[in-house]
Every structure is written in structure tokens, then in C-alpha cells.
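My questions all concern the structure below.
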Amino acid sequence: MSILVDKGTRLIVQGITGRDGGFHAKQMAAYGTKVVGGVTPGKGGTKTEDGVPVFDSMEDAVRETGANTSVIYVPAAFAADAIYEASDAGVALVVCIAEGIPVRDMVSVLPYARERGTRVIGPNSPGVISPGKTKVGIMPGNIHMEGGVGVISRSGTLTYEIVYNLTRNGIGQSTCLGIGGDPIVGTNLLEAMELFAADDETEAVVLIGEIGGNDEEQAALMVRNGYPKKVAAFIAGRTAPPGKRMGHAGAIVTGGTGTAADKVKAFEEAGVPVAATPGEMAGIVSGLL
Amino acid sequence: MSILVDKGTRLIVQGITGRDGGFHAKQMAAYGTKVVGGVTPGKGGTKTEDGVPVFDSMEDAVRETGANTSVIYVPAAFAADAIYEASDAGVALVVCIAEGIPVRDMVSVLPYARERGTRVIGPNSPGVISPGKTKVGIMPGNIHMEGGVGVISRSGTLTYEIVYNLTRNGIGQSTCLGIGGDPIVGTNLLEAMELFAADDETEAVVLIGEIGGNDEEQAALMVRNGYPKKVAAFIAGRTAPPGKRMGHAGAIVTGGTGTAADKVKAFEEAGVPVAATPGEMAGIVSGLL
Amino acid sequence: MKIHEADARVIFAKYGLPVPPSRLVTKAAEAKGAAEELGCPVVVKAQVLVGGRGKAGGVKLAKDPAEAAEKAKAILGMDIKGLTVEKVLVAKAVDISSEFYVGMLFDRVSRKPLMMISPAGGIDIEEVARSTPEKIMKVVIDPSAGLLPFQVRKMAAFLTGEKEVAKQLGPVFRSLYRAFMEVDASLAEINPLVVSPDGKVWAIDAKINIDDNGLYRHVDMEGLRDDSEEDPGEVEAREADLSFVKLDGNIGCIVNGAGLAMATMDMIKHYGARPANFLDIGGSSNPGKVLSAMKIIVRDKNVKAILINIFGGITRCDDVANGLLQAKKDLDLDIPLVVRLIGTNEEEARKLLEGTELVPAATMDEGVKKAIAIANG
Amino acid sequence: MKIHEADARVIFAKYGLPVPPSRLVTKAAEAKGAAEELGCPVVVKAQVLVGGRGKAGGVKLAKDPAEAAEKAKAILGMDIKGLTVEKVLVAKAVDISSEFYVGMLFDRVSRKPLMMISPAGGIDIEEVARSTPEKIMKVVIDPSAGLLPFQVRKMAAFLTGEKEVAKQLGPVFRSLYRAFMEVDASLAEINPLVVSPDGKVWAIDAKINIDDNGLYRHVDMEGLRDDSEEDPGEVEAREADLSFVKLDGNIGCIVNGAGLAMATMDMIKHYGARPANFLDIGGSSNPGKVLSAMKIIVRDKNVKAILINIFGGITRCDDVANGLLQAKKDLDLDIPLVVRLIGTNEEEARKLLEGTELVPAATMDEGVKKAIAIANG
């Protein structure tokens, strides 16, 4: 097993004729993902150079291909519409790689998607990969390895760093999920933890958090209240000065809330070991398993 | 058993200090309904002459009384807000007696209620009664009798007429539900049929329809596709001239759709007997049981 | 509430819809002036609150101002489905290369606003729905999100393959949706939405019905109601907060609740007679309403008997009884009243009516039969 | 993006919030004129994009125009938390009988807008949250419904028992919510919202932060950005679409991704050294960005070594390598570069960098340790 994506995933790439969409459509297909179609309004009826059919709308794409998942690589100003369209077309999962979407757009589109039974990952997410099965996103596939550790992260490249460390040390992953770095995301840390809690294959969960918000504190509370899997964590931003925005909206800390120290403390009090550097993670996880 | 309301119903009356709200709060309590509180903004902290506590808000009322249901008797201009407030306070069921609410308000409030897990009956509904257990609404309690027939109606007084006919002929009711006469209602005919389908006590369902819309045609289809209970029907408006609005928004028929003849035909083709007058219903239902 | 095309055009224009310029006139001479001002050709259109004006000869093209006056003269005073034409709209004519239908209403199933479009515009949309349903596209709009770009693209592509036309359709769809929602409409239609040979899009007809329940938010719109096209009884009934529809039988009906009122009419017919009206006094318990209802009914000289059929719930039988006694006294009634009162406070009502000459009935069947016997008698 | 109080007041006033009249001035003499025009007493307020102005002496009351000039003179040029005051706002003073806090933000948990209010206004709301959390009420607003009447009643009752004051609060809450949503704010605060002794409500301070991602919809607001209060490197970085924060160490960092960039800084600290900056080149693959990043970093004379830590995903390592080679050439760099490139197209990148004097590192640990050794050595 695994969560969210697997061999049954039939994927539409929204924005497939763009630079990033085109590049990653290839990469995903090369990894073994069933990329069954793409959508670019006005280019319906054509095919990509790899023979993937392009549709004008998600409605057409889902009807013609039986897709159940979409991944979004369109510019920020069109990304919310792409999520609306995907939800309306009835896919169960939308993975939004696009970044820079105004928060106001997200607070409107998320209830719309939920009402239609569509789960949203992201925005500003690197995607989801169930190693050895399917990759939906932009992460390099070759750093992953099939196994029993679930990874949930608010970050992109930092996740790769830690996953790579796990893989090099022989620790495989069930699914690695980047929830996205924005303040408002479709699936948050706690919801992702619940998904892993219900997954038989996952033996332990690695949480990769950062400064800002208090998802990590809530996750620590969830562990204290009896979470069914072993948990290890990493927190980025121990050296970040307060009040400064560190790159994306998630990484900002104001006043005394959401500091790295608060989060590390919350985890430690919940008995969750926290790695001081990415390179320590494999050792910690080995100790848990 | 029964649907929606029973001995476990703990009711708040929204608009309890108004003429209708006050009158029917008494009537409901006299019938045996647990009227645990009322809400009128600005009158919190007082009590009605029967000693029912009045609160300023639904939030206060639910917190103090553990209510799970509310019934709304406020003027149309305030009724949508009352539904929002009740949903927000977390009651599972809101019965909206108030009529004259703009459709635009209903299309906004219904998804809001649904998102919060609140079922809405109405607006412009006579309410719900599970005879011998609990009455939430304005129907005269004494014309009902406990038994095994579920009644679903788009009408108010016509329902009383038919229920009275059943009762006088010894046929009791599990629950009688007026879904409301407006074009957009919180729980429609089909959803009400699904509730009865799952109710062990209900042996047969009486549908009281009228011209306009095509809920009855859909209900007939549901019966054809295998509905688990016996069904009988009555349709009002066989003599209504087309294009005229008959009293409330539900009762209008335009062009060739939604006529009484269409609906009677649909039911008859589905094997559902249709009473020509309210007085025929008891005989028809006896034949089914 | 139905409003006239001329008023609907004003609303449409306010929301940015491409409505050709027009003038509303009541005299043939004014039509000439309007045509001169607007530039010919013009269309002269009867303003009546009923469909099928075109087929009835109420819409005419005029190639010059003199012809406009002539057509206006022919149309003014014309009878269309029982309504007299008192005003005509003179609108700048648009050459037509294609005609679409675009309409907004509320969808009972999804419980959301719905936009309905068709490339087969200019004709009765219900006819299109029956004969060529594949030519209709329905798009449900979530009011929390509004009309979304992907929906606009889909609809535009359904209507046209021409990019320049498609570009103009987005703003049309959006404006119609906004107008529909903001004025509390129950229906808003552009039929036809026209593409002229130069590729420009025009809304050349306009229809808006307002949700009566939403009218309290639009006091400015109350003035758009045209009582002159309604039965005076219906106008009076609305002012008394009653629902009334005049019919052609001889048994007057006063009932509480639309369903029961229809069922009462149906039963009169079922037993071989004909109702004189539909009348619902609604859910409130105001004796004054009963008095108003009685006044409206007795004005109809066909009425030979009046059946009062009340099943009390929120309506209280004693209130109704008081209203009946008041009416009997005030109106000096000589039409027999058959009274059936049951439900909330029926005992109190029975006592009030004891010893009067009102004909009591215990059941609806009995009431209907007694009323028929009296009317026939 | 933070905007100045003076600009936030203009937005608030546009949305109907009761903002006392004011003038923005840059000279003491202008402050006198403004005070004369507005009528005294006035408040003279430093315009800096940082909290705690009051405590720092940047807000002063003046009882007459002469005193206004005097206070303005004292405040202009003042240093508040490292920022120089270049403008002061002269605002009509309001007598205060009570002070509330009203703020809007987005709530991560409900994923909806949230209004936060407190009867303990005028002071740091985070301090109130810590010490007396019962004095804070949070109300989640569903954007599909807007701020609802029952919510307004509840909030008004939490702040005041006086009916006349409560009546004025509804419009304040609604206007603040509308302003917050329509300008794409990430924060909008009135602190304090004041009740004057005559019972009138006034918004006497205004704070708005704009969601950078929403700025493209508000081209008019781009002009409200005040670059003068930012580090020049940060301004230049933003223009090059990079995220940069200057720090005080000696190891420059160029990283892709905010999380990895922070983890890189954390690791430098963990191994006993100090980073010179946070720099995230983001997810795109533009060699020009690497060049811009390099330019910004080398301007800092403290920098002794630069660590490039890239884990390619959507960023392609070969693009980064090309940018580095370009920078090396264009900038005539003498600061050693430690380069760690892994992930998408890493092979192509390795080939590009072969034979150059860049110091390669296979892992993040190795890269950090090598950079520290160089900086220390």
C-alpha cells in the first residue's frame, strides 16, 4: 500500500504544453506514472511529442481517459481556475505544483473542491511519490526507494535532501508527500498524518517542518494522544531571525509563536526524536524501526 | 424508529418571543417535544412564561442546553441568518418554518449548512412530526397517530388533510415531513425518500406532490429502480392553469413540464397508485399494507 | 414579478450587456422621432408581459422613421393573449448572422444558479429543449465561486468557433450572471443574443423575472411592476398579501395553503363542477385577510357559492371564523358560505360560528359537495 | 508587503472606516500647517514599517500647531529599530474612553479568513494573547457567506454593552472584512479602535500587509511599497525574483528552496560558523537568477566563501551550473565557491563544471564543512 497515488493513478497534466509541464510529464511517465492526458485550453485534439493526448478541458480529459488525478503546472494567475476545473471534472486528487497563488483564491477554491470530493495537495507543493509505483510532481524520482517510511514535508528540496539520506542508508519510503509551503494548503500536516495512520505499509512517519504556523505543535499533540506509527522530525529555521520572511509564506515567524525552538520542544516532549541536521535522519529512523 | 426527530430531540426555538414562535413553542411542548430553549437576540437571560430559557445566540443556547435541533419562526429577512447561526452552532437539524426567504439566500446558506453537517428542512415547511414522540413545526398534533406510514409532502395544510384521512381510518404514521414549498429546499423529495428507505419502522411512504419542478418524476424513477418501501401518491394542481403562480413558488407550471398529468403518469407507470382526492388515500394505503 | 423588456434592457445595460440603443414610446408620432434619433432601420416591439409577441405580430422591422410610426400605430392597442399593448419599444435594428440563447435560473436539483445556453437562439427555448436537447448546454454556477473561467471557455466554445466572437461572450455571461444574482431575479434571459455580420455581439431582447421574496431588497424595482396587465382582483389580492388566480367557474374558494387550495379546486372539478378561483390566505392568522379575500371573490358575479376550507396549523380557525363573521356583516353577503374549519383552535371557531347561517361541513368532501349542490341549486 | 499607516488609512477610509482626518508631511513646518488645518490637538506619528513606534517615542500628542512642529522635528530623522523616520503623519486627536483591537488575517486551521477582536486594544495583541487570552475572541468567516449578522452581534456584545457603540461596530467589522478581502491583504488591523467620550467610534491606527501573491491584481498598490526601509540587497533580490535576507556571518549561501536554504543556514550554525545570508533562488531554472544572486552576495564584504547548495527538482542543475560559470566570468570573482549540485540533470551539470576551480562537494554536510574551512582559513 501507500497513500494518495499508486499503480491505479491515471494522471492528467494541467499545463502540459508549458515548459515545466512538458518536462515533468516526460519525467513522470519515465518513472512509470500513467500520464493519460494533458490539458491546455485551445490545444485540444493535438498530442505531445510522446503521444500524450491534449484536451481543451478537464471535462473532456476525464471523460476520454478515465483519469482520477491531476497535477497542475500553470502560472499562478490561472492555477485556482485549474483546481476549480479539476474538481468540477470529478478527479479525486489534485496535486498543485503551481506557486504564487493568492491566499484569497485558495480559501475560495478549497471548500469548492471539498464539496465535490476532491482532495487538493498544495499549492506550492513538490508533489507526491509512492516509490516504485507512481510519481506525481517534480521531485527527482531516482533518489527514492520503496519501503515503509512515510514522509510529510512543508518543504520541497529539503525533502529531497532527507529522502536521499534515507535511501542511501537503505531506508525506503511508502509515500513522500510535500504538503506545500503556503499558509493555506489543501491537505495539512495533520490530515497527511491521518492518511499514513491508516496505511498498513507505513511503519514510521518522518515530519519535515519549518518555522511559522503551529502545525508541528499540533502534530506533536497528535503523537501524545496516541498516534499508531513511530514518528521522527526535522525542523528548518533554527537560525532564522524573527519577523523576516524566509522565501515562502510558511517560513515566517512573528513574535513568540511558531519558532523552531517551540516546535523542537513540542516534539521532544511528545517523545518524537528531532534530527539536528538532514544527515542525522537515517540514523534516527533506523533506531525507531 | 422514525426519521429526523424522536424522543432524543432537544429543541431550540429561534424566534421564541414572537407571536408564532411563542404559540408553537407551547404547542410543541404540550405534544411532548423537549423544548429546551429559545433564541431572541437581546432577550438572553429571560424566560418565557412557561419557564423556557431564552438566549441571545444559538451558540449560547446549544452550549447551555445540549440542543441538537432548532426550529425557525423569524421574519423572512432574518431567516437565512438564523439558519447560518444554527449551523454554526452545530445542531444536526434545522427546521425552517419561515417563508418568503429569497432563493438567492437559500442557495448560499444550504452549502454552508451542509459543510457543517447540518440538515435543513424547508424553508416554508410545516415541519416534521414523529407521532407519539416529538413534533417540530406547526402541524396540529392531534390529527396524527403513531404507526408505519411515512409521509413526505411539498405542501402544508394538504398534508394535514391527508394525514387526518389516514388517522381516521386507523393508519398511523412513523414520521410526517413537509419539505417546504419553495423551489430550493434543504431536503428534497428524493432525499426524504432515502431517509425513509433506511427506517425500519416505516412500511409504506405517502408522497404528496404538486405541479412544478420534476421531483415527483424523479421519485417515480427511484421507485422503478427498486425502492424498498411501498409508495402511494397524491398530486395537487390538476386544474391549475399553466403559467400562473399558485400561491407559493413550488406551484407554478410552465410549458409542458411539471404538469400534474406528467406526474400522475410517471407514478402510474412506476406502479405507484395515485389518489384522485385526499379522501381516497387511506383506502389506497390499506391496499398496499 | 415580471417586468417589461424595456426595463430589463435598462438593467442589462447597467451591468454592461451590449444592448442596442432604444426608446420607449406610447404614441406613433413618438416612434417616428425615436427612429430618427436612433437611426434606421429600427425594430418596433410591443411591451406586454407575455411570451410569443413575435408570432402575434407584435414585433416589426421599420426601414425608415415613417414606417416606424406606421408599425407603432399598428402595434399600439393590439391585443396579445388578452393583453392590450400600451407601449412600444423602438430599438436600433441589428443585422443578424447568428442567434444564441443565454438564460439564467435556479436549478432545483443542484440547488444552485444555472446558466443555460443554446446556439439555437431566437426561438422558444422550451421547444429547443424538446426537439433538439443536444443543442442546450447547462452549466451550474457555485455562488461561492461565481462563474469560473473554465466554464466561460466551455460555454463560448459550445456557441461559436470564432475567436473574436468567443472573446465577447465571456463578459456577456459574467454580466448576465451578476445581474441575475444582484437583482434577485428568478429568471434572466437574452433571447436572442445576436452576432452581427461584422462579428459584434448584441443582446437584442431582454427578459427578467424578479423573485417576489427578494423584492424587499430592491425598493426601486417595485415601480417596475405593471398592474395594468393583471386582473384587478389579483392586484388587490397581492396588496392584501393573498395569492389569488381568477378562474371561470362558479364556486368561490378560500383555502389556507397552496397545496390544499389546488386540491380543493381539483376536487370541485372531480365532482363535476368548476372553481371560480384559486385563493390561498397563506399561513398567517389575520382576520383582515379573510375579509379581503371575501371582498375579492364576491366581486365575481359568476360566484354562486363560496367554500371556505381551512385546515389550521399556523393558521388558527378562530381567527378565520372572526374574519368570516366580520365579512358577513360588512359586505352584507347574500352568497351562501360553506364552511369547513379544522385543526388549531377549531373548538373556539365552532363556538363562534354556532347559530349563524353559515353552512357547516365536517370534511373537505362534504364541503365541496355542499358547495356544488348550492351552486347548482 | 508592508505598507505605511498613512496609506492604510487611505484604504480604510475608502471602505468607510471612521478614520480621523490627517496629513502626511516630511518637514516640521508642514506639520504646523497641517495642525492648523486639522484643528488641535493632533497626534504626530512616525511613519516606519515596524511595530512599537509608540514605545520608541515615535508617537506624540501636540496641543497646538507650534507644538506639532516641535514634535515633528523631534520625530523626523529619529531611528526606530534601525529605520530612519522620513515622514510623519499629523492626525486629528481623539479623546479616548475605551480602546479595542480589531484585526483580520487568514486562519491556517479552518483555512478561512478570521476576525480577531479584543476589548484590550491599544497594546500589543500578542501580549494580550499570552497574558489574558480570555480577552480575545476569534470569529472564522466563511467567504462564501461573508461576515454574518449573528457574528456581528456576538462580536459587538463581546466588546461593549452600550447599544449606541454596538451599532457603530457592525459597519466597522464589515468594512474591515471587505477591505481585507478586496485588497488581497494578509493582515489588516485597527489597533486601537477607539470610543470617544461622546460615544463615537474611531479607527485611530491602521495597519495593512498585502499578500505578495495577490499584488498582480492591484497594480496601483505597487507604488505603496517603500524600498527605502529595506536592505538594498533585499530590494534587488526581489526585483530579480529571489528571496534574500541579509545576516551577519561570513558564509554566503545560494540554495534552491526556502526549507533547504534554512536547513543550510542551520547546519552552518550547527558546525560553529555563521551564514552571511538566506538566499532562495526558487523553483525556476533561470541561469540569470544565479548571476543576480551572486552579484547580491559578493557586495557583502564580510563574505569569505560562498556555498551553492542545489537539490534539483523543478530546478535543473545544468541551468545552475551555467549561471555559475557566467557569474564567475562576468563578476571576476575571487571568493571561493563550494558547489554541491544534485538531482535533475546533475550529470550534465557535473560535466559543465569539470576542470573549473569551483570546489565540488558530494553532500550538504561536506559542502558546509568545506565552506567553513575556507572561510576560517
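A few points about this structure:
Letters A, B, C and D mark the chains as written, and numbering starts fresh at 1 in each.
The criterion applied here is as follows: a contact is a pair of C-beta atoms (placed from the backbone, for glycine too) under 8 Å apart; a residue touches a chain by one contact, two chains touch by 3 or more.
On a predicted model such as this, the values are computed, not experimentally measured, just so you know.
For the interfaces B-D and A-D, the C-beta contact count is higher for A-D.
A straight line joining the Cα centres of subunit B and subunit D is 53 Å long. Note on chain placement: the centre of subunit B and the centre of subunit C lie 27 Å apart, centres being C-alpha means.
The centroid of the Cα atoms in subunit C and the matching centroid in subunit D are 56 Å apart. Touching two or more other chains at once are residues 142-144 of subunit C. The residues of subunit A that reach two or more other chains are 108, 111, 115, listed in rising order.
Taken together, the touching pairs cover every possible pairing of the chains. Subunit B meets subunit D in the complex at residues 41, 56-59, 78, 81-82, 84-85, 88, 108-109, 111-112, 115. Only residues 111, 114-115 of subunit A touch subunit B when the two sit together in their complex.
The residues of subunit D lying in touch with subunit C in their complex are 143-144.
Of all residues in subunit C, only 106, 108-109, 111-113, 126, 130, 142-144, 181, 184, 186, 211, 213-214, 216-217, 243, 245, 247, 255-263, 265-270, 275, 278, 280, 282-283, 310-315, 342-344, 363-365 touch subunit B in the complex they form. Listed in rising order, the residues of subunit B touching subunit C in the complex are 20, 24, 27, 76-77, 97, 99-104, 106-108, 110-111, 126, 137-140, 143, 153-161, 164, 181, 183-185, 188, 208, 210-211, 213-215, 234, 236-241, 244-251, 254-257, 260, 276-279.
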